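Structures given as structure tokens follow.
Both complexes below contain subunit A, partnered by subunit B and then by subunit C.
And now, the complex of A and B:
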């Protein structure tokens, strides 16, 4: 106890500092790309970024930027601005916040660097299609759309052909906008680095299977940034190697993220960016740790589908099979595996007003989980960026009541 | 042992005092804007009514939205747990509770020992709450206490399609202007509230016997409309409005 008190909060993850450094440099690099003769592409969070890295293009993620807007509590102003422009309040708050931000160069980093072109993959939702069309018109830049069919159970041969064909078109598109040929060796190298980073990321997440968990989902939300934005770079591999080692050390020293971890919960859907600290403290006050989540594992969940020796083609299939582009039956399989792996006592589902594809089916999933595994679900209604959809006292009551039930 | 429970809701504050498994007394007061004062006030008034002094109370549990502002409570617990325990205390056979209060409604499924199995809450919107009924009663210039009873005089309940309180109110105003019978409109309003709540109840899975609690349980029209929708009998105890406070007092005695 005295030892624990002496050290400056041992529960704090040390790699955080390095992450902040890398992300700051990354955004500086992106904002000064033009001066340095580099191209910038905006890409959706589930889009294949590896070809961009291989072509030396700086990828920029409006969704990651949206998360920053949410975390810095700038979401409401920007969402309202978008609503003034005529966008519906029902539109995803990432889209609203980013569209508004582009017109005033506002937000936490004074707006994103202007894109030279856009890459949109609809494996995450249909919203991004219209959103990217708006951006393409606004900046008058070319847009590449990668259409990934919804997976109803089996990934058919026809679907496979369809996405592989598009990956070839994607490379062609990149060669045109960049004015240079793609280098297959470089592509292979980036592919390998991406796979390695995903493996390491999964390893970090897996560390939470240990009791007590050395890392919580709330931390994963933060450490996720690199695997989203820069997978395929050596820097990312190195970072997650370090983070993974830190997890091993924490396990060896029995450092728990939640001091008296008694209850282990699984989070579903995007974080509530402006309330991660509040939520994590609220759960911790009940000795509960959110040990894992379906969201951060989306960037490594399809690892088993990737063949390093045939990266581009297998990547096409893998990108189509991400967690929110598959049927409920496939989702429940993933959920059940996670509940088992992390030995979760309950499920916390964020019914996210913004993200319909992620939130649709949550009631069915919670019922299936109750029936098949016998663990309860708490549903929290909120929004990832738009604070107007968050009511503290109401959510507090739900969490307290859920925990009282779990403890009884 | 004498213990107390205080339930601070959005509109009313309730207190209950029990002694050795028996209810000694209960009291309801308005919350007003200061939840902290309301807790004190209703507690002191009940003590006085029963001729007790604060030191006689061995333990006190606070519940309701204002539970954390009751600074003299030994513990605070949510309405979900307290309603479950309260309903079980009053009628141990109860398996399902529908609580409709001023600003929210909730359904709670419990087991034979009063333990919560599952629950759902509507706290995002006024539809399906006491507030909805209040607004509609005002629009129709009917006293809230008579509002529900008037349903019995309807021949064909009007169809209110909007679930939003504001839109429903304008729908009602246009129904009035078309000359629709007032009782039919009132029955339609109660049906609309019942639909909202029964959908939530079905999501959790209704189990009989069902008990209704909260201020709206005093509204006979709402209770009947719910019975129709859920196709089962619903019991309402005389303690419906103070059920949460009673549960809190029972939980206080278990500490």
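And now, the complex of A and C:
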């Protein structure tokens, strides 16, 4: 990854160090929550974390943990352990790695801190429902499910009513498990900070529209961590302000993430966590930069639906409409806008065995992109954490062939 | 009894051929659907025949350019049937939300086929709260409206109530057949219940109600001579079963399937619909209460409790998990269900199927080893 570039390298993003500091402190805080009398909630990546922040609960993300397991290449061992426990190899590798990790306190940080309760929002997949049921049984803790109906073309009034009712149930649930009342003023404040952080995050991503791009999708995968885990805090706002300023400076100084950037590509789906560096260098060797992706923009892509004066309710509607919870004909609109905004020459789709809602439909999307915009797509068959599903030689050949067609 | 059973057998063997015939005979329209959370009661109330899509018996070719290989055979096979034009008797399709794969299939289906209408019934995933029930009622009301416009009919309260009555007759009869099989194993040929269930999901429901009630009457009067050699009592748990051959193979290996927890089995037959309440609310209430699918949430432990209770009630010697490869909800539940059976000292066997069955010899060996162990 780019953060491993030499310190003297002007292309290295300076904020990386601050991010590592914040994440380290955050995990130390989470691991010592019990001693400090704080509650820990496990929550899905697309779930509404803001009420947890407002209630002073430490949110912990098994998916972020899964990404760390993947990036540290500890995925195969843990996935195999889950398979020994009876979980099929065809199941999501985040879930497999994480379920196995809990039983041995393994992985890169010796396991996640035990949850006091769980918050599962199915706006990202049906898998999290099953995964969180497993966790709820394992730790014997309460589980709140926020059920966000999938959007086939239009978010219906009935669905809207349903998610708003559930947001009220969510707050009640939190008041019960925390043994205290929610503070509406504090909630408003967290809501404002969340919106501000999402705006700043989008601004960081937008910087890649500049040619050459000062940041790539591979960097965004790294800098994403805070907008997922701690949006709604001042620290996160400050961090993205700094990162955004750094992007402006890079643009002013014409610092490109990929030297000799000639081809601009858009990435679709989750990263291949154990090969981000390899992929980044592989594309860079062809003078290609992955300038943006559909994944990291999920945490700011629905900003236009959020009303700061009615944060909780509008958030429920907005989070139901994230990229992965909408139909293919809605996704193609987003893809087209992104291709235009970042002036992409091609699309790289990670067909991710672990993520069916993200991956099924990619074949149709790639044809729509070819037909409606006229740019080619490369589909890489792999998995986000389980390296056994990654065939380096095959993928290398495909990337080389794809780049040859782009250059032709 | 034999003639009714052979009718069901021929329908289950070739549902497409049956529905073409039925359509011609009755002049009714046909609406396709996936999954047992699609309200076929409303399709029947609209005067159409609800037709459940089970995948394909043919090779998957056309669907390969739309769906990756790590997608289940039901979803890929269903799409293959549609793209190959083998479902051209359908007016439209009703997609309940079910799972991640079905949800994407709905998009791909809508964008690549040209049926007259397409209805997404995005049912709630939670089944244990008032707001989920309210939302389900809203979804069902919307399905009714969209069926009306798709089929060009009006569905009055009376029609829904009459449909519910047919379905209550059907489900009561099906459950009676399950009881009869459990108390007198061997009374039906091994795959008969499978054939009956499949028939019940593709036939005109009025006709099916008459036929299945007639079968109950005949079966109740039939004494069975199974004093010879009763087999081990087996229960099958999983999603859909598209391989009826396994029932015969199991019987030859010394195992009688006497109960199941299948989507195309008892979960469809479970629970009647109240005729005292508002009919749409009553349909919702059955969904909230019936044996639950792993893609839905009733509680963290509802499925294990239901499985162990049923196994005990039916004196099950062993459970076979018949899981469709790439079906995530079932695969996630397997370890804890197995554990619950282990705790109750009920042996189980995991049997994963793709679109094609493993060779017969291999299957026979596995089944024989399992029944010998029981």
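As a convention for this text, the second predicted complex is superposed on the first by the 401 of 408 C-alpha atoms of A that agree within 3 Å, B and C clash if a C-alpha of one lies under 4 Å from a C-alpha of the other, contacts with A are read in each partner's own complex, and residues count from 1 in each chain.
In this text, a residue touches a chain if its C-beta (ideal position, glycine included) is under 8 Å from a C-beta of that chain, and two chains touch if they have at least 3 such contacts.
Note that the structure is a prediction, hence the values are computed from the model and not measured.
J.: Is A:78 touching anything from subunit B or subunit C once the two structures are fitted on A? First, second, both or neither.
T.: neither
J.: On the A-aligned overlay, A:165 touches which partner chain: subunit B = first, subunit C = second, or both, or neither?
T.: Second partner only, subunit C.
J.: Pick one for A:152: touches subunit B only (first), subunit C only (second), both, or neither.
T.: Touch partner of A:152: subunit C, not subunit B.
J.: Report the partner of subunit A that touches more of its residues: subunit B or subunit C.
T.: C
J.: Can A:289 be said to touch subunit B (first), subunit C (second), both, or neither?
T.: So A:289 meets neither subunit B nor subunit C here.
J.: Under the stated touch criterion, which partner chain does A:363 make contact with: subunit B (first), subunit C (second), both, or neither?
T.: both
J.: Counting only touches as set out at the top, which of subunit B and subunit C does A:404 meet: first, second, both, neither?
T.: first
J.: Of the partners subunit B and subunit C, which touch A:130 in the superposed model: first, second, both, neither?
T.: In the superposition, A:130 touches subunit C alone.
J.: Taking the superposition on A as described, I'd like to know which of subunit B and subunit C A:30 touches: first, second, both or neither.
T.: Touch status of A:30: no partner.
J.: For A:382, is the partner it touches subunit B (first), subunit C (second), both, or none of the two (neither)?
T.: neither
J.: Take the contacts of subunit A with subunit B and those with subunit C, and give the residues found in both.
T.: Residues 363, 381 of subunit A touch both subunit B and subunit C.
J.: Would you mind writing out the residues of subunit B in touch with subunit A in their complex?
T.: Its residues touching subunit A are 65, 77-81, 104, 115-119, 121, 123-124, 203.
J.: Inside the complex, what are the residues of subunit C that reach subunit A?
T.: 65-68, 70-71, 97, 99-101, 103-108, 111-112, 120, 122, 124-126, 129, 131-132, 134-135, 138-139, 142, 294-295, 297, 300-301, 323, 325-326, 328-329, 331-336, 338, 352
J.: List the residues on subunit A that touch subunit B in their complex, please.
T.: Against subunit B, the touching part of subunit A is residues 363, 370, 376, 381, 391, 393-394, 397-398, 400-401, 404-405, 408.
J.: Give every residue of subunit A touching subunit C within the complex, in rising order.
T.: Listed in rising order, the residues are 85-88, 90-92, 95, 122, 125-127, 129-131, 133-134, 136-137, 143, 145, 147, 149-150, 152, 156, 158-159, 161-162, 165-166, 169, 327-329, 351, 353, 356-357, 359-364, 381.
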